[in-house]
Amino acid sequence: MTPSISRIGVLTAGGDCPGLNAVIRAVTKTAMFQHNLEVYGIEDGFLGLVENRMRPLSREDVSNILTRGGTILGSSNKCNPQRYAVGEEEDGKPIFEDMTNLCLRHLKRRGIEALIVIGGDGSMSGAANFVRRGVNCIGVPKTIDNDLVGTDVTFGFATARYIATEALDRIHTTAASHHRAMVVEVMGRNAGWIALESGVASGADILLLPEIPFDIDKVCDVVKERSRYGKAFTIIAISEGAKPIGGEQVVHHVDPTSPDPIRLGGVGERVARQIEEKTGIDSRCTVLGHVQRGGTPVPEDRVLATLFGYHALELLANGAQNRLVVMQGRTIADTEITRAENKQRTIAPDHLLIAAARAVGTSFGD
Amino acid sequence: MTPSISRIGVLTAGGDCPGLNAVIRAVTKTAMFQHNLEVYGIEDGFLGLVENRMRPLSREDVSNILTRGGTILGSSNKCNPQRYAVGEEEDGKPIFEDMTNLCLRHLKRRGIEALIVIGGDGSMSGAANFVRRGVNCIGVPKTIDNDLVGTDVTFGFATARYIATEALDRIHTTAASHHRAMVVEVMGRNAGWIALESGVASGADILLLPEIPFDIDKVCDVVKERSRYGKAFTIIAISEGAKPIGGEQVVHHVDPTSPDPIRLGGVGERVARQIEEKTGIDSRCTVLGHVQRGGTPVPEDRVLATLFGYHALELLANGAQNRLVVMQGRTIADTEITRAENKQRTIAPDHLLIAAARAVGTSFGD
Amino acid sequence: MTPSISRIGVLTAGGDCPGLNAVIRAVTKTAMFQHNLEVYGIEDGFLGLVENRMRPLSREDVSNILTRGGTILGSSNKCNPQRYAVGEEEDGKPIFEDMTNLCLRHLKRRGIEALIVIGGDGSMSGAANFVRRGVNCIGVPKTIDNDLVGTDVTFGFATARYIATEALDRIHTTAASHHRAMVVEVMGRNAGWIALESGVASGADILLLPEIPFDIDKVCDVVKERSRYGKAFTIIAISEGAKPIGGEQVVHHVDPTSPDPIRLGGVGERVARQIEEKTGIDSRCTVLGHVQRGGTPVPEDRVLATLFGYHALELLANGAQNRLVVMQGRTIADTEITRAENKQRTIAPDHLLIAAARAVGTSFGD
Amino acid sequence: MTPSISRIGVLTAGGDCPGLNAVIRAVTKTAMFQHNLEVYGIEDGFLGLVENRMRPLSREDVSNILTRGGTILGSSNKCNPQRYAVGEEEDGKPIFEDMTNLCLRHLKRRGIEALIVIGGDGSMSGAANFVRRGVNCIGVPKTIDNDLVGTDVTFGFATARYIATEALDRIHTTAASHHRAMVVEVMGRNAGWIALESGVASGADILLLPEIPFDIDKVCDVVKERSRYGKAFTIIAISEGAKPIGGEQVVHHVDPTSPDPIRLGGVGERVARQIEEKTGIDSRCTVLGHVQRGGTPVPEDRVLATLFGYHALELLANGAQNRLVVMQGRTIADTEITRAENKQRTIAPDHLLIAAARAVGTSFGD
């Protein structure tokens, strides 16, 4: 252990993700029991750094949180201390200031000598800012989308996959009873991991991923073909980031011309409508939404989060600087924290699971 | 047992509902084991009656279906034999004909002497048509919405409540970690049963039901009040049929002016947007959709469906005519099948559970 | 509201039961929000009364506990203030004393004017003791066994049924793949409610209940018959209190003659062995045990527990004395608290659900 | 594809394991869609080979089985064609004969040119017998215990871990409310994988594994220590194969001296009793049993099983001989089928997850 470190901070940033509390618990308990380190919990991600909201975490604080969804520390989605909105111009535009120095002073005054940043690619950019200013940061990758560069898997993904699969299993029934095409839109941003794995797990007939632009006519051909074959239903799992060949991603947007503008649907809704129009077969879309990122983590994510939190502390205790905890194969390892900055790991079109899915008869609409 | 009956038909009509297969199984097994009756399964609801698609059900057919969602017989949503589309006018308008006589001939030729109709209020109207033409029909009420007149509870409802509660539990986490208002729109048509019970079960902060028109400003007051009190999150469970005081129900509709018209959101989406605009607090809506009506039924629904199927057969075997199986309190009973025709059982505003919810601090936005 | 009451106590006694925290929450919130009453939580059931361990419950204390299993107040299984072990005789026999007066003094000194006792039939006897000494007690019935006299249903039961059904569903698979008889022993003491409802819900082939003594030869006949019919597996759901005709209940006991005495199995284990011996068909027993009484309650139990807690407070606030909250049909009501004292509600052999189960081919081994 | 192969057989042998049907489906669909191979399903494992029970699998046969537990082909636990009981000696001892030649004739007559054997280490020995007789066998490793040599993970394990974790989560509640030590005995034979991962996932206080013999006094010290610290409950996850230092494994055995011999408990029961005796703290044991190996597989197992089935077919189609499909890190690979013969992969005492568990305060009783 580096003798100089006696107090560290931990924060959770970005969107919600099952397993955050499991990391906080593993970090705090390992610090306390193994290394006699004090852990400060920083509230609401980087926002708590700016606003100086942090508190020491006790054994009681991290008791009984392993199975709980969310984060006991709170999070904030968009806080970037380098570009922090401090007010508005006369014309309503926000005025931004760099609050990094303020954050550094808060840390110094508290005696916090290193940070554990639990977050996604955006948060790792936030961490990189502090790394450049001399704060030792250990990153713990977190995203349900499983799209972080450098790690084979992130916690939260298994839970999202579980929930998406359960929903697809349920929807299967409705489609089969009513001779329908059912489109289920799942999360994943620009990566199709959730759609691919939950689609394979539930035996979806068509998988539409951001990595494989689809041809709506080929999608409709599959729907019609199944209907001819006697199975008058089709299950389509679609990533929120999927897009047609040559087309744009459908962004969830607001119709400005409507007197009472309410949000329009996304790509799943659009595909369902196109299928209905082109095949005449009744089609419905379900957008899973935030249920995918909340609630108690599945065991796999709890184990992974515990390993990540433990390893983060071990790195710190062994004097490591600015590392990102990762999983490579079945082994825990670490890489440069800056490596994950604003990059995404998408699925290679020849990925083994895509080949297996094609082999069992799944269409990718291409 | 009425000696003349030796063969009956069973059909499932209307939307999907967990427990349909459990009824089919109970009907078929009771007929076979207790009354030596033959059961014909009619495919795709009333459509199979018109198209003469029906088959004898064997012990094997109903083996292992108790826990399965959907219906092994298939269903059809909108088929009304009295108004059956047989073609189109030159101007594209459908031409309707009354196919009741055709259905009667199909039944007669097969020797089917009575029908068990598993369906909602619409399907009971369909049954009433055959009742008026002399076919003995026993109705089994089916709807996840729990809104059928004459029965205190319908199977399918407990499963929908379970799924909605589970989703609300998961969403709770996300809201709490991110200081958000989370709106969860559940099914129920014009009745608030699913929203009320899942809302109470999950401890939702605001419940918006069709039976209690809401004042969006009061909704926003609760959101702001909670934020002031230190709980910067609010969970709102809303029925798809909820509406503002003096306002109209928001129908899921398509914007015709958009070049690429995709379906617009419903009342949940609108409420989320209004909260965000009026309070400045980040708000999100999740529409649960079809996951609520598919998949394996919870035990309560399997038991209820088994009782309903059993009682339907007992009624038939005892010579009853045109009854609807119902649950009154904890007792199974029956009523006139025509009683359920196109009526709905909504929640009285002074319902015990509403009083209890108010007592523990839940707002109804009124 | 009776003006004189301003402070009440609440305790949970007896075995664990999903929904206890939901009652505590409803009691506390209704007291606080509706009646301006202060609520003291008494720790570890009647033991906390004797040992003067109680604390005021705040809004924070009951926040986020609705979905949590167990009880935030703790419980104690066997504490009876009238017969409280205060030491041991020289020969090791315990010395009992009546601590009722001590408890009364503790309550008086705290200004607690009424008690809400959440418990089973044993705990209602404990409450009756205080009732006789002039303390107003409102009872809330609690047991997973569903066997309390006066109420049609108790919270906790639906969760136990859910867990037992889920286990039976899983076990079904194993039996079917391996041509086995699988015996699953569930809780319920002298009442067969859990076995009956989970058995019907999962389609168990044989149900053995305390209320219907079984003939092991008839049980074996069913197993052999199914094997002849081509289904070489049988699922048997058995209550822990089931017993053979003319036989005794098998008590889980310790063999005193064994050098390393470990607990012997119960009735489920015995039935499995007898089937194997008499039919030659491989048989296994699984004893579900404590998983049935822990963990998050299913929505039905949360709703019921909320209603019970709310009604208990309403009774108190309206000046009622010594009532037991009950559910009659679908209506909440109340009865004399002494009515539930040490009695049990078992299943009538001609119960509707038994008739329905027989009709679909289930054997009761009789 | 090797041109000579046009028909293959598939069988499932050994204990039940979630994911078997997913493999059968992937094998059959890949064979059909990709390689124009015919697949014969052999019933009840090696027994069907001896008894010549096998049937061609159609697309319909493998439809809708992906999510189903068990195996549509049936299995048999102990059938070894090399040592097949054909009758009994006069003294009741079984007479064994080698039926391998018979099996070979059955295969030859059917034109089955290769076998896919889905099984554990015992079944791979069975396959090796056929390999030595010139039958090309591709092995697919299957065990919930995760103890097969050569692969980092087996399907079925994730489901067992899920069920064990869910049970531990539920039991946690009961223990916490009642100040008890709760022992939960899980499966795993001589390997502690299920106990280790479910124990870490649920935050069990003590983990007792076959790989780390325990000292019952140290176990009791932890129980007492927790009690002193104010947490009067302890959760102990124990493998069925765990054993005390210097002691023997406790085998589930029958007491021969009892007039009505019923099975005695195993190591979990013994540990619970010892804790109660040595600490005076109320202790209970729950033996999870067969629920761990049945029911629908979790998504992870469905994906893994699909990959395994797909890869097995790819190997066959590419002319590979006698390979075992394995997972190394996150990559699918294959090894000699004989490598897995009767060996087990246990946990190294310095395994990362053991280190992490110790770091967060878990005791291994050593």
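A, B, C and D label the chains in the order they appear, each numbered from 1.
Note that in this section a residue touches a chain if its C-beta (ideal position, glycine included) is under 8 Å from a C-beta of that chain, and two chains touch if they have at least 3 such contacts.
Not measured: the values here are computed from a predicted model.
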item	value
Between subunit B and subunit D, centroid-to-centroid distance (C-alpha), Å	41
Distance from the mean Cα position of subunit C to that of subunit B, given in whole angstrom	32
Computed distance of Cα centres, subunit B from subunit A, in Å	34
Of all residues in subunit A, the ones touching two or more other chains	169
Graph class of chain-chain contacts, one of line, ring, star, complete, other	ring
Chain-to-chain touches, reported pairwise for every pair that qualifies	A-B, A-D, B-C, C-D
Subunit B residues within the subunit A interface of the complex	12, 15-16, 18, 20, 44, 68-71, 74-77, 163, 166-167, 169-174, 176-179, 182, 250, 255, 257-258, 260-265, 269-270, 273, 284-291, 293-295
Footprint of subunit B on subunit C - complex, ascending	25-26, 29-30, 33-34, 66-67, 152-153, 158, 161-162, 165, 169, 197-198, 200-203, 298-300, 302-303, 306-307, 310-311, 313-314, 328-332, 352-353, 355-357, 359-361
